[in-house]
Amino acid sequence: MELPRYHRLRSTFYRLQASRCAACQATYFPPRPYCLHCGSRNLEELRLSGRGRVLSLTRVYQPSRGFSDGVGTLTALIELPEGLRLIAQLTDVEPAEVETGQEVEMVVRRLRTDEEQGLIVYGYKFRPVVGARAAEGANSA
Amino acid sequence: MRDVSIIGVGQTPVGEHWAHSLRDLGVEATRAALADAGLERPDALFVGNMVSGLLCQQENLATLLADFSGFPGIEALKIEAACASGAAAVRVAQLAVASGAHDLVVAVGIEKMTDLAIDGVTSALATAADADYEAAHGVTFTALNALLMRLYMERYGYTRADFAPFVITAHENAVTNPYAMFRETVTPEDFLNSPMVAEPISILDSSPVCDGAAAVVLCPSDRARSFTEQPVKILASATATDTIGLAPRKDLLWFGAAYESAHRAYRQTGLRPEEVDFFELHDAFTIVSALSLEAACFAERGQGVRFAQECHIHRNGKLPICTQGGLKARGHPVGASGAYQIVEAVNQLRGHGGPNQVANCRVGMAQSIGGMASVAVTHILGV
Amino acid sequence: MSAPSILLRTEHRVGIASYGAYVPRGRIRTEAIAACWGLEQKRVPIRAKSVPGPDEDTATMCIEAAQNALRRVAVAADQIRAVWVGTESKPYAVKPTSTVVAEALGLTPFISAADMEFACKAGSEAMQTAMAYVGSGMARYALAIGMDTAQSRPGDSLEYTAAAGGAAFLFGRAENAVAEVEGSLSYVTDTPDFFRHAHRHYPQHGQRFTGDAAYFHHSQQATRALLDALGRAPQDYRWAVFHQPNPKFVRRLARQLGFTEEQIRPGFLAPAIGNTYAGSSLLGLAAVLDIARPGDRILFTSYGSGAGSDALSLVVTPRIGSLRAGVPRVRDYLERKQEIGDYGVYLRLMKKIHRE
């Protein structure tokens, strides 16, 4: 397990730290040193809310090494209210329970399935919104 | 800058080469191309390869191939641009000859994928994506394309079955290609019943894991006829990139790098899309074929699939594609595919297309795409 | 109030400023376990228990519970000076869970952090330590979490109840509290009722110590001593929460101490999800706070093998109404469930079997 690499990634993996261009307000995840929109290099830290909406999803039957749960994981393209998108695993959901457009929220989970030895890699995944937050999402939608 | 022509081509059969190693395949294709050009030794060798380090524990691959091909001492470099590595090597070879740095240059694309178990190959291929924000989250390459395919289907109202013509055409064309991996036809039913890799992408939407190498020899156009009766001109050679990750793109269903490289190529030649006689496109997945047709302006946005359904992609259609089986049926040894496309385009333009010869063709285009369409290399060849 | 020496008194008055819970989504029906091991269905202690997902562990569950606690209030990260995780299912044997939690919550680096172990009492141990930090003036706020993904040997009687879940409590000064602590104490003895040796996966029961000598004795002694010290009686309390190894024990304990079914009802979660070990009593307290009204008095007594009990007397303040809405409550987690009807699937999720 590449310890230094995952150590460096804590702020984005644990907290969805993004960046926002101070000049034009464009937002980026992962954070970037230069704004793609206006070229500014004055980008500031932005912590994302963790809310999102499924734009597209797929059930993966042929996983990468270290990601096999034996039954097929869900990967989704997620749109965030801060004006950006990311790709992440979905968790706490059966394939039949999720569809595009669904509101999801970020949780921190174990990313890999081969962690009995070495570092446990924690990072963001998304799941259907739980509880009252779900009702809120539904009302605002 | 000097005009550049291709004076020799060579390829190995694509398949699962249990008896042949990375170096065997590379030497065979390189030597075949040199023999085709009537040459013993090039001035330089550019090796297009994506992941020999992870798949075969071999880097410094260009040195190895120069050595075992019998000419240690020459300039030899590995060129990497994910699945577009083979085409990128041709691009670099073209630059080397055009600039005057070298006269006789071999570009060989090569990949040996079947030495590893499938999850290892899947992980290796995922290195073409963003390592920290895609691969580290278990996002496979097929998954990225599946996300895109589902989006495309929902946006434009297609079903999985609508993508079948790409696969059926590729397999039909491969039947008569002695170098192809799958020399057998598939039916719409086969396509529909194919097991899922990442929904909605099935095994038959995907190009196969396989081994192979293909090579071309380049020289200045003004010297080409001293080596062969049938040189083929590189009319255009252009590379472009997009964001490495899929998610940040403003327009998810638009292959910006493919568009940009195609248009740079069109500008270099002054040709328009309708003047292209055939198109070797990057059919790694059916969705990539559709979006490639759109990015290169052969089909309107959202019409790539319809373009295939309307039979324009057949050998006798408006724009034949994958004339020897494409990545889908000839096979997709990732870092080699871009070079196979060039070899096949040269064969078409020389009239060596065999049963799949495109009639009266004078201009052929080949476009190889790497990563999640984050890099694209386009060549236009002509006679 | 007179101050008997057995009370753990703080310099400043302290209380719970916020709280958050977490229960994973999986539920194994215990009849599926019984069917595998040939146990008579009528001897199954509960109907279902919570099961963590394959990507969950104590750290991830702590993060969610603590995030829920922090979302209910506006407390700046630099005001929180400690995070303690009480658990007997640490993801690493050596490497604190609490630092992962602190990092994920954005509380690092100037913060105290540690994992605490006292079997099922580790969570309330963390609470008392947080009270001490705040009560002494060392910290404006301190976070205490009790969380477990309890392990049980296949076929063992523990397998019917060993569950996953817990809760986080943010302690602060009384003026910021939704429930003020009006007294607390701790009662411990060396009792061999339950233990797990180093390098062993599963704990074992210490012969017949489990019931009277351990759970009942310590829970009763701690509760009675606290009530005596405060001059209170069971009927002074609106609600009571105990550690919940199984429903039978909780009912019997409440009866022995003079608490009614009604008093224990909202915090009595074992019948629905089983025994969440270090999370058990804390999760019960979180469920009580979900429905509590200002002025409600809450008796809280944990129990941990080895053995000991922490008892707290709490009074709900009007600030309970000012907690931000929209944060999942215990009920939301109880209602969010994925039933696992098959023992093989359960074994896979618990990583007792896996594909090579």
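Per-chain residue numbering starts at 1, and chain names A, B and C are given in the order in which the chains are listed.
The criterion applied here is as follows: contacts are C-beta pairs under 8 Å (C-beta built on N, C-alpha and C of every residue); 3 or more make two chains touch, one makes a residue touch a chain.
In this text the structure is predicted, and so the values were computed from the model without any measurement.
If touching chains are joined by edges, the resulting network of the protein chains shown is an open path. When every chain is represented by the mean of its C-alpha atoms, the one lying closest to the mean of all protein C-alpha atoms is A.
In this assembly, the C-alpha centroid of chain A lies 32 Å from the C-alpha centroid of chain B. A separation of 30 Å divides the Cα centre of chain A from that of chain C. Put simply, the C-alpha centre of chain B and that of chain C have 59 angstrom between them. For chain B, residues touching at least two other chains: there are none. Residue positions of chain A touching 2 or more other chains, listed in rising order: 68, 111, 125. The touching residues of chain A, when paired with chain B in their complex, are 5-6, 9, 12, 28-30, 36, 55-68, 73, 75-77, 84-89, 100, 111-112, 121, 123-125.
Put simply, chain C touches chain A in their complex at residues 24-25, 53-57, 59-60, 63-64, 91-92, 100, 103-104, 106, 325-329, 332-333, 336, 338, 348, 354-355. The touching residues of chain B, counted against chain A in their complex, run 118-120, 122-123, 126, 130, 132-140, 142-144, 146-148, 150-151, 154, 195-201, 243, 245-248, 252.
Residues 10, 14-15, 47, 68-70, 91-92, 94, 107-111, 113, 120, 122, 125, 130-133, 136 of chain A are the ones touching chain C in the complex.
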